[in-house]
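Naming follows writing order (A, B, C, D and E), and every chain is counted from residue 1.
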Amino acid sequence: DRSSPPESGQPASPTKKLTSVTLQLNWVPEPEFGGMFAAVHDGIYADEGLEVEIRKGGAQVPCAQLVASGQVQFAVVSGEEVLTLRARGGAIVAVFATFQQNPTGFLLHASNPIDSLEALWTSASTIGIDPGLPFVQILNQKYGGKSLKLVPYSGALATFMASPEYVQQCFITAEPVECQLRGLATKVLPISDVFNPYGAVIATNETTIRDNRPMVEAFVRATREGWRRYLKSPEVYNPTIARMNPSMTIEAMNLAAKLEAPLIIPQSEGSLDGESSIGRMTLERWRITGEQLVQTGVMTAVGTVEDAFLKVDSAPH
Amino acid sequence: MSASHVSLAFRRVSRTFPGGVVALNDVSFSVPAGGLTAVIGPSGCGKTTLLRIAAGLDRATSGRVELIPKSILKDGAVHFAGDRKTSVCFQDPRLLPWRSVIDNVALPLELAGIARADRMARASQVIAAAGLSDAKYRMPSQLSGGMRMRVALARALVTRPEVLLLDEPCSAVDEFTRMQLDEEIRRVWQASGATTLLITHSVSEAVWLADQIVVMGGASIDEIYQVQLPQGSRDRTSAGFLFEVETVMKLLARAAGVVAT
Amino acid sequence: MSASHVSLAFRRVSRTFPGGVVALNDVSFSVPAGGLTAVIGPSGCGKTTLLRIAAGLDRATSGRVELIPKSILKDGAVHFAGDRKTSVCFQDPRLLPWRSVIDNVALPLELAGIARADRMARASQVIAAAGLSDAKYRMPSQLSGGMRMRVALARALVTRPEVLLLDEPCSAVDEFTRMQLDEEIRRVWQASGATTLLITHSVSEAVWLADQIVVMGGASIDEIYQVQLPQGSRDRTSAGFLFEVETVMKLLARAAGVVAT
Amino acid sequence: MKIRSIRTVIAPAVAVVIALAAWEVAVAITGVRAYLLPGPLEIARTMWLNSARLFDASIQTAMAATIGFVIATGIGIVAGSVIAAVPVLRRALYPLATILQMVPLVAVAPLLVIWLGFGLPTAIAAATVVAIFPVLAATIDGQVSVDPGLREIFALHGASGWTRWSKLDLPASIPNIVTGLRISAGLAVIGAIVGEFVSGYGGDDAPLGIVVMSAMREARTDLVFGAVALCAVVGFALFGLVSFVGWVLVRRWHSSAVDPSGEKS
Amino acid sequence: MKIRSIRTVIAPAVAVVIALAAWEVAVAITGVRAYLLPGPLEIARTMWLNSARLFDASIQTAMAATIGFVIATGIGIVAGSVIAAVPVLRRALYPLATILQMVPLVAVAPLLVIWLGFGLPTAIAAATVVAIFPVLAATIDGQVSVDPGLREIFALHGASGWTRWSKLDLPASIPNIVTGLRISAGLAVIGAIVGEFVSGYGGDDAPLGIVVMSAMREARTDLVFGAVALCAVVGFALFGLVSFVGWVLVRRWHSSAVDPSGEKS
């Protein structure tokens, strides 16, 4: 049993039988999953009748396939993965979009004179990037990128630190923080201007929604509340995360939490007090992402974007 | 032990190896049921090839080998089943290097499914007859060359076979050990009534053991000689014995193309 | 070819194998420079062990082997350098399976750095003397057992060595081929004046070739017999020769613990 | 005997110490950054500081690698023997088996994870897949080249199938199989690590593969190398075990193990 | 002869066809989703549609794998021979060499990239590192177990070092080395692919490793399997080459290749 039992907050009423569900992360525990850990920590899931097991992930873990084929009830994936897998016949459905703004960007040394996506894409830089990311096509279509050298992103920061000219993809709240803590001055070019799908999307599959929609809704509500609490005071929850990922310091986590908040909190939302709409999704945004994916040739048709996500109201049932 | 009822007949057997070497050319003779026929001839004349064809390990290019009454003919090759009880002692010892002397000798019994105690007893017996009691538990790598050949001979004799094919089993040992082994061969042969084919380079061994001696010269038979002495009372020092040896020696000399001195 | 000036002396040589087998017990004798000494004895009495120690391939547990005048002593073992020109023919053929007959025979010359044409000529010569001209280009797997041993003997003789150690080189061949090989051995021995140690099971071979016959029985020397016939004019059918054979046979019988019949 | 076994341990230990010292000196002289290549002392310090976590991780990985290795050994020897025994299978399946070896694990990882679930089973499967081919190839080659002279002895006594296999083919090919197993031992560890990459473990008991991945992400190269050193230790233990078992089985007869003074025909 | 070589080609072809047919049927029956496991027909269609890109990618990868394999063969045989010849080295370095094999490539990838840059050199280095150990181990084991009887022949004629190696140790251990090379051939391809994972170029001249990665990212499992099939083809070509060369070298004498009627002493 690998779930972290609630350590504070209101324990579940003993008469209520908890439903066990699994949430598969697509990376090791970090602040980008802070809300889920807060929900476990404070017993919010338990209040909703859920016992949630959070599973660590890694670069190669096939999260989208896992959730689509029903191996897990929930998994964290990227927005574009939801649409591409659906285009291939996977019955995956997004239920919660952690990042309203695409948290992906390019990481450069501060000394690098390049200061825009256009400048980057027309330069002769070497860029470490996961092969097959759709925004590469979009940038190519926009700026050409003929003289670039695209090399695989090895997941190792060492390559970047060793070479001042080198550029790599980054998660805005992860690699820049590591560099900052090591005293390495960097800058980030976010790609949300050209490609802005939802990030760190929690997805489930059609079968789970059909069979147990209340459970899915309960999960989303609890996650949303978890995020509200986490963003308010991340330092309360970061030690829990650090216990599952001892190689990241609490200091780094606190910093990352600060950086990610603006990408998570919807722009309409002034404060985190009271009711929140964290995680919400709109058809419009999904459609734009779908169209961009068609444009890049990853998919042939946008399809029924309506079915790709499930809107869950914040109001309690 | 009842006498064997299998006779072994070579009928116009020829064997040409790929590359054109004619090892056997139209060889015909037969070993009567329960008889002991010796084959002598110069080195490279085809003796081993003959024995391998009889054992079913090689195929005649033409002609055939018959085992009567139980003959299995197939393209001139004879395939023995395990129950046919054929034993072969090859020109090289072919011991399993990971087994001790007694385990090597007991192998055919083991393969025939005989119980451990039984087979150890029988193996010990032939090992003793081969003068190897002291070396019973040694590994092949700890034996002298002659000892290895004796182990191989013991392994061939341990099953009391119906058909016994021996390829120079005594060539690596001194004359006195050879005499002991000859006696053991005769003992096993007579006790089991095995139809026996013995390849040897020793004319006196051939004369002492065989009913019939096939003299080969270059791939074919030069002469088939019936030994004139009664089995069981042959004396190596008797005049009759020496005369026979002399006679066969001359035949061999002729076959070898050498003028006997 | 000048006569060899190396004499080979065994001085109180003993060898006990791990496990306790005493293969040699206090053996002393010497082969005079240019002489030919034969060693006979029952199977397993330690002959091969003796030869291996002389060749520097095994070590005496105590005692030592001396090569005079050039003796190298080290813990009782003699280490020959390549230029010492020692040749050994082992009891088993030990041919390189990936080389043809002529390439196997020429190997020692090749290792001595002799030019290809030269070594092929010399190899062809000994191959012819061993009666293998027809099989010159065959691979070892295409030879009969006796042919393989003859290749090994040819390989030992091809270098015209100073010290020649032969371990039953003729045991796998018939009596007539053996006589031919004996003549070749004598020819090479006399031409090169090699100090020669010959292990054999054939008393008549020993008497025909040797100046001196060492008769071994169970790990030690039973008798050292000086052959009374002049070298070069020995006749296997002469009364003197037969008498010598008879005499040595009796010595061997005693050593083998057998009552000669 | 005793001297020999001491040497067996000391010689590689000396070699390792020399290699580490050279490394430390090279790092000091070239001034290469620690995040690229830390020196052995720093790695040791990191390993010490993280010893509890690394110990747990090593146990996890060792378990996956060992179980995978054992399964690969079993399948490799059995399948190899069957393939070697039947000429048609040999021609048909030996080439096919090589294909198995050439499928990049990451490419089939989603399948493995979905069939076998998370954690240990997938890591074991990955170790098995990677380790199987060397045993298989060595078994086939060993059994195909059993001395035909010995084959004939068995044929004459009508021994075939199981009997011949257990009493001739298997013992005769043990030296080959041991070589194959030596290669497989190392590969099993690599397989387990790659398997762990694709099937992250939950909880505190992350195996070495996960430790390597997260440490890389955080540019903690010292920890990466610490974990890698432990991979090597795990693989090395397997290798040592195989070598020892091989030595025990073969010492009585195989030429490489026999008393060098023993004459061999 | 002719019949035999036809059989050598037909038997594995039949096996492959049977395996593919079974796969197609299994996919149809179980209804497994294409994004998890596409059928061979669909894979073939995808390969056809992407043939130009896949062809270029295969050439790239084949080059890296082949060069790496050749280097590994050279180093493996030379180092293996030296290690086998010197008992102290054997005890000290053989175990150490196993460690080399057990370092996960991804962990040292940053170093490789810094030293060798992106692209072909790193892929070659990765292929070399992965392929070297089987050749090394097989060479060592082969040369250590050369018939001591033949050794003595050479010792008596004062042949040692280079002479003995070239005329005895090497020819005698060719069957072992061929087995090792068969294993290495497949591993070289895997090594090249993994090397490309960390160092390959994107864009039009992407090698198979990159094709696999981007296809995985896009959940195009059919393309993943297409690329994997081509990895197998590349590895298979190397394997076939090794087997053929081995057969040519050994057919005249090694027992497995000799006319079965030939007596062997």
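In this text, a contact is a pair of C-beta atoms (placed from the backbone, for glycine too) under 8 Å apart; a residue touches a chain by one contact, two chains touch by 3 or more.
All of these numbers come straight from a predicted model, not from anything done at the bench.
Peer 1: Could you work out how many touching-chain steps separate chain A from chain B at minimum?
Peer 2: Counted as steps through touching chains, the separation is 2.
Peer 1: With contacts defined as at the top, give the pair, A-E or B-D, that has more of them.
Peer 2: A-E
Peer 1: Which integer distance in Å separates the CA centroid of chain A from that of chain D?
Peer 2: 38
Peer 1: How many angstrom lie between the CA centroids of chain A and chain C, rounded to a whole number?
Peer 2: 86
Peer 1: With centres defined as the mean C-alpha position, give me the chain D-chain E separation in Å.
Peer 2: 17
Peer 1: Using mean CA coordinates as chain centres, what's the gap between chain C and chain D in Å?
Peer 2: 49
Peer 1: Tell me, which residues of chain B touch at least two other chains?
Peer 2: In chain B, the residues touching two or more other chains are 17, 48, 57, 90-92, 142, 145.
Peer 1: So which bits of chain E are touching at least two other chains?
Peer 2: 36, 106, 110, 114, 147, 149, 197, 216, 221, 254, 258-259, 262-265
Peer 1: Residues of chain A that touch two or more other chains: which are they?
Peer 2: In chain A, 65, 69, 154-156, 158, 162 touch at least two other chains.
Peer 1: For the complex, give me every residue of chain D touching chain E.
Peer 2: 7-8, 11-12, 14-16, 19, 36-37, 88, 91-96, 98-99, 101-104, 106-108, 110-111, 114, 133-134, 137-138, 141, 144-149, 175-176, 178-180, 182-183, 185-187, 189-190, 193-194, 197, 209, 212, 216, 221, 224-225, 227-228, 231-232, 234-236, 239-240, 254-256, 258, 260, 262-265
Peer 1: Give every residue of chain C touching chain E within the complex, in rising order.
Peer 2: So the residues of chain C in touch with chain E come to 55, 57, 80-84, 86-88, 90, 92-94, 96-98, 107-108, 110-112, 139-142, 145, 148.
Peer 1: Note which residues of chain D are touching chain B in the complex, please.
Peer 2: Counting only chain D, the residues touching chain B are 147, 149-150, 152-159, 163, 167-168, 171-172, 252-254, 258-259, 262-265.
Peer 1: For chain A, which residues count as touching chain E in their complex?
Peer 2: Residues 64-65, 68-69, 81, 84-85, 88-90, 126, 129-134, 136, 148-152, 154-156, 158-159, 162-163, 298 of chain A touch chain E in their complex.
Peer 1: Once bound in the complex, which stretches of chain B touch chain C?
Peer 2: It comes out as residues 17, 19, 21, 40-44, 47-48, 91-92, 131, 135, 138, 142-147, 150, 167-168, 171-180, 201-203, 235-237, 249, 252-253, 256, 258, 261.
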